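Each structure below is given as structure tokens.
Shared between the two complexes below is chain A, which pairs with chain B and chain C, respectively.
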Partner chain A sequence: MQEVCPLTTETDSLIAERRESIVTSGKHKTSISCTSDSLAGSVSQRACVFCGARVVLNPVTDAVHLVHGPIGCASYTYDIRGSLSSGTETYRKSFSTDMKERDVIFGGEKKLAACIDELVEKYNPPAIFVYSTCVVGMIGDDIVAVCREASQAYDIDVIPVESSGFISGNKVVGYRAAGEALYKLITPKDGEFVDKTRKLNFLGEYNLGGEKWVVERYLKEMGIEINVAMTGDATVEALKKSSGSFLNLVQCTGSMHWLANRMEEDFSIPYIDINFFGADNTAESLRKIAEFYDDPEITARTEALINREIAAVREVNEKYRKKLAGKRAAIYVGGAFKAFAIIRQLQDLGMEIVLTGTQTGKKEEYERMGRLLSEGTVIIDDANPAEIEKFLIEKKVDVMAGGVKERFLAYKLGVGFIDHNHDRKDGLIGFEGAVRFIREVHATTCSPVWKYLREERGGTE
Partner chain B sequence: MKQIALYGKGGIGKSTTSANLSAALSEKSLDILQIGCDPKHDSTRMLMHGEWIPTVLDLVREKGENNISVDEIVFEGYNGIRCVEAGGPEPGIGCAGRGIIATFQLLEKLEALYGDVIVYDVLGDVVCGGFAMPMREGYAQEVYLVTSGDFMALYAANNICKAIARLSRRTKNRCTLGGVICNSSNVENEYELVNEFAERINSRLVAFIPRSPIVRISEVNRKTVIEYAPDSEQADIYRNLAEKIMQTEADKNKIPVPMEMDELEALSLKYIKT
Partner chain C sequence: MPDSNHTSSNRTDTAKQVNENQCHMCMPLGGVIAFKGVEGSMALVHGSQGCSTYMRLTNVEHYHEPIDVASSSLNEKQTIYGGEKNLKKALDNVRRVYNPKVIGILTTCLTETMGEDLNRIIASYKAEKGEIYTDIIPVSTPSYDKSHTEGFWTATRDIIAHYARKDIAYHRKINVIVPHISTADIKAIKLILDTWGVDYTLLPDYSMTLDRPFAGKYAKIPEGGTSTADIAEMSGGLVTIQFGLTCEESISPGHYLEENFGVPLINLPLPIGIGNTDMFMDALARITGKTMPKNLGYERGWLIDAMADSHKYNASARPAIYGEPELVYAYASLCLENGSVPSVIASGSVHSRLAPALDRLLEESDCDEMPVILEGADFSMIEAAALETGANIAIGHSGGRLLTENHDIRIVRAGFPIHDREGGQRILSAGYAGTLTFLDRFTNTLLEKKHSSYRELRKQELLSKIAAVTETGFTTE
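After this line comes the complex of A and B, so read on.
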């Protein structure tokens, strides 16, 4: 189905060791090399382990997120997501133990304990997540013991997140650390009992620009309630009730499959993979959920909702399809679920996907991706900017969908750009998000500005 | 200015040797600075007549590195010898290696590193980059390995040899191996064994310090042998060592060659009487 990208000329910008992480969709069956550590010197678009943990946990709104380390770790990940809150905004503050040389030499445990004391006094949070950074791992501060003592002293959850950057060259290890921290938080303690409900949990949904609320509205219309999203607009109290839910939805699979599996084993909550990006994905996901509840009234309301909403999207789609059909698109995002959704949406607009890839995709996800794509599409795992640049030019890309690190590369090459990053402030989810997405794709792809840039570069038209 | 560092296995007698060496050097009307680079901070105690001087890192912890003056960390001991203890974190926490680096940066900033001879008395095992600090950045030009004929002492000395050999490949490196000091533990054929060890690593034995009760007696009297028993044979041995070290000139072209483990074992076996 796929073949390894051949090295072409001597001026090729590809690093030899990266060849097996770049394949071309087609008839041959060579599988992509993925899920490994980033190659030194390759300038991966991935972030570090700590950053991976923080993006997953940070949207928990009423928790204190305390980064134990030098100030840089906290400030570079400050307010890292566009996650919105319906209540408190504690999560948007960036707390750090601000370790200095003195703390490195003498150990940072006392300072950490003092910071926790101060934070409890000032904010009285229901939970504190304590993130470990590189230097803390190096000098061996026992954050587990400090957290345990603080938990006992204040009778709240003080949870260590083992996210020292050097433990892996892949940020998914940070997702896992975050998953373990959540698992600790949601597991009922001895003597605690969580009521069983008909509600569902929405895992891998981060409420960027209020996206969780959009889905919540659809589900409400269908007659289904969300207990909590993980972790968009989540509160500690709701998270602690999650073990009593009826169903888990998993959207961002990379960050949440591990936790979904644990919850299935320990709390007997089944999970289904859903995807609310794009109108067709949204409709399918809603039907999947309705099917699970197996209630004719829910099914009827679901169909009514889909019929009403999807018509509006179809209309917009038809209108812009005329202008966008045949345009060449690139997609480079963090996780595979997002890539699947964007591939489908752009194909619906008649566009051709010529380049795609993810930071953290797994083998089976890349196989599925290959099946969605036409022959000759370049697929890259853990790409670096040189590779993206090379293929944006070679494949004569008109528009790219990606995150913050790809934006300026695209702009400089005269390529349109759609921001699909986790710091977006307006949502792309559901039917209304699909409409917004189509309009954005059109505005950037067909912007008259690119022709001037491309002329300057010698033209790829 | 001559800067030397003494390295060797923990408990081998580095601090006793350093203190007596500094005392012997001071008799030559030289201005001596001894810096203890071990969190145990007991390097200069005999020179200070048993007084535990505040360590650099104690002061950094209490006052912050910007509020420390030279006279708070440099103390005058026996015969005008200036004494400094780096100190470090409590056992089992923090990072002592980073503490050594911070100490050197502070001493540098306070312009405390001057004199005719600076003696660095360093922690036994070079467990991380921090403890290699005295060998780096142009501090010590000569490292002296303190060892006995005990196998584990030779093993530790050989490891330090590896660190020096590695550093010698760097440009602008000033660190050399000055020689081997045998602080006897009364192992059989000890002189011959350590002498051959020194030759095998492309160095030389600069002193053989016999085991003597006077060392212990001086110590419980909180003095160096030079001060407590200046006319003893042992005192003369330290004076000879001082003399030899003053005559030594760092030879950058003489790079130590650490031994392989099996070679080291075979060497030790050779001198054991069966």
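After this line comes the complex of A and C, so read on.
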């Protein structure tokens, strides 16, 4: 057989128009080009508006999530997240109006209405989210009107989500669509009254592997209760009470700032940014929350909790730091929030970050990222596989953190991989998540398999 | 006698509007996989960025390989004014980064609804660029029309049609056309053909492109796949063997070659199960005039021996079989020949010849109870039918995992996609040896469940009956 990759030498792996989306941290103050649309033909790791909206809303456990369009969009998002529920599991079902050619030609409104009727009869849900897809946006189905009629007919919330994929390839636009849908749901209707409480809402938390429950336990120990997370393990009833909360925590900044701002304006609920990924971040976030409540009892409990938990993480950190210090890491994740958390945790282990990037980061986030990193670190916005490959090799990366699509690219190059994605089954949040994270970094970076992969014995030709 | 409620007249619930938990995927996905079976090729999905990303993700999770699928990344403006500019830019960029021999352009529901004229756009692109190295093959794959199964067949036919020429001299090579099966099964079929010593072109051959041995680097376009020169030769082939019993004629690649180029078509079921594999061997014997090689005879012998060993266990199985039509047919016939009468046979596709093929198969099989046959099925239908008919095991892809989670009906995983287990691409069922590998997995799944529960179940059932006698003095049934 021939050389494994006869074509790469003839090709230019970096497309000229992508050059401004790749910078290195340090003296050169070139600003990164980001948040624009993906470049045609460049095999972006991005998805679409629908994808963004669907991942944000999908964990609402007792709602029906109905995808209005041909089969694909529903099929690709059928039970894809590791979000857990303490109650019903309606959210794990994937409903599609399964539009056919005649619906595309004559309009899909009738079919949509019939589907809503059928779902109300079968599941009697407290709310239905109706997601629009490309074709629906293209043919101009009035899903707002269909939803309004169904809402009135059944006296439940039937909420249109404006998520036609072509609106943007940037998931952030979909997060916004989801935020608007949530805003519609939580805004009290005329005559409705929501009690004010001392509870808080936890925005941008999706209860992957039960992560919301970890934080819930910490807060409970501190003497603070969560009203609802958005949207991990959320019920429609709890969401509808969210406008009476005392405080909003905002975790996944990409998806929830818009909603937090609206809630501040309309319901006078202040918000604070927190980050529970990594032990130090968790401690800082808990202190920030305690400070907000400004209650000596809460402060004392918080400090006791932190002191107890952080000692356990330190111990694990010290054990593995010996093996991991000096290893070279790459990070490519969806949003900057996640990237910050991972950078800090890996640096804590003495590892060197040599490549980082996100699908949806904003300019100021990239600038902040640059300040966290040592000189010469490559920063990429909306990377494609060719670019990731080039830098994994050039920068001699030992381990990469990212999503599913990057995992096997890393393995093909003999690079370890840390899963920090939507479909993970084990939580990485809080102190216990920090411990799990360290163990995972070690398990993959120092796995014995790489030794065999790096050995040259032939047999693959 | 067949129960009239369980015959094919009960196939679909036409009143049902919602598709709940999908059993099939969209049409361009199948096209993407077909193009992965062509040497030096790259798939480009003409539509929103999300479409190609979802298709990549689905494939990556199944094959555990880095798999690139390009997109024309249409946005709102282009959706209104036309996607020509973006598609041309995408072609430029894919050619620059990947330098592919072939670019397959798959349309989506979006671009089909926009009415994009791909032939015109490609002609204009070629006129602008002059002589280019890359062949560009458009395939129409609107997902409001058909499923990924038909997308696979349609793309395979269009790939052949792109290269087929009347002036190809007739030659002795045979054409082998496979449906969407695992890379392990493609390798198994190739090994059988090699064992017979026949000269063949297999299309689409993604056995190396979607299952790469470790090489320490990432090939942007992995080595392997059917070469375009070989594909062109297919129109002069001696005969076509197509494992496409359920493939509709209008999209059948083998039928296309027969109609337009006079290449005789032998349309067979997949060689999964002893009967179906025998049919493949018989066809090769007729074509080559040889008898079956000895080692294949041994493999057949080991299979029969194992079928005898496990037949009583298998008799207890009432499998629910679901997935793509060609695989579903093959596994149904494998089950029937082992005395495992299917409870449900279901496919998400509606555009196949599965139902009449199953009718013939079931007629020959003389089973006491007829399976429920579902076309255009989703998992709410499959689950309901499985419970109603007392299914105790299932064969199919990961989409049916709630059968296990909710009802402890264990799944012998086969088909696509398999994202919750390792090795979806390595699942072997083809040929005598492959059939045996699959049969062992099937039987052992039954046994594992039996051994994990029979003591407790028998204890509860029989002791409670004794208790009833103690209480009432009689056996109450």
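Heads up, the rule we're going with is that the second predicted complex is superposed on the first by the 441 of 461 C-alpha atoms of A that agree within 3 Å, B and C clash if a C-alpha of one lies under 4 Å from a C-alpha of the other, contacts with A are read in each partner's own complex, and residues count from 1 in each chain.
We take it that contacts are C-beta pairs under 8 Å (C-beta built on N, C-alpha and C of every residue); 3 or more make two chains touch, one makes a residue touch a chain.
Keep in mind that what you see is a predicted model, and the values were worked out from it rather than measured.
Novice: Is A:D98 contacted by the first partner chain B, the second partner chain C, both or neither?
Specialist: After superposing on A, A:D98 lies in contact with chain C but is clear of chain B.
Novice: Which partner does A:R46 reach: the first (chain B), the second (chain C), both, or neither?
Specialist: second
Novice: For A:H442 in the superposed arrangement: first (chain B), second (chain C), both or neither?
Specialist: neither
Novice: Which of the two partners, first being chain B and second being chain C, lies in contact with A:I139: first, second, both, or neither?
Specialist: After superposing on A, A:I139 lies in contact with both chain B and chain C.
Novice: Given the superposition on chain A, which partner contacts more residues in chain A: chain B or chain C?
Specialist: Residues of chain A touched, chain B against chain C: more for C.
Novice: May I ask you to decide whether A:G107 touches chain B, chain C, both, or neither, giving the answer as first, second, both or neither?
Specialist: The answer is first: A:G107 touches chain B but not chain C.
Novice: Of the partners chain B and chain C, which touch A:R176 in the superposed model: first, second, both, neither?
Specialist: Neither: A:R176 stays clear of chain B and chain C.
Novice: Following superposition on chain A, which residues of chain A contact chain B and also contact chain C?
Specialist: Residues 101, 103-104, 138-139 of chain A touch both chain B and chain C.
Novice: In their shared complex, at which residues does chain A touch chain C?
Specialist: Its residues touching chain C are 1-2, 4-8, 10-13, 15, 37-51, 66, 69-79, 92-101, 103-104, 111, 114-115, 117-119, 134-135, 137-139, 165-169, 384-386, 389, 393, 404-405, 407-409, 411-414, 453-454, 460.
Novice: Under the stated contact criterion, what part of chain C meets chain A in this complex?
Specialist: Against chain A, the touching part of chain C is residues 16-22, 24-26, 28-29, 40, 44, 47-58, 60-61, 64-66, 68-76, 78-79, 86-87, 89-94, 96-100, 108-110, 113-114, 142-145, 147, 212-221, 223, 380, 399, 402.
Novice: Name, in rising order, each residue of chain A that touches chain B in their complex.
Specialist: So the residues of chain A touching chain B come out as 101-109, 138-141.
Novice: Applying the document's contact rule, which stretches of chain B touch chain A when the two form their complex?
Specialist: Touching chain A from chain B are residues 57, 60-61, 64-65, 88-90, 93-96, 98-99, 102.
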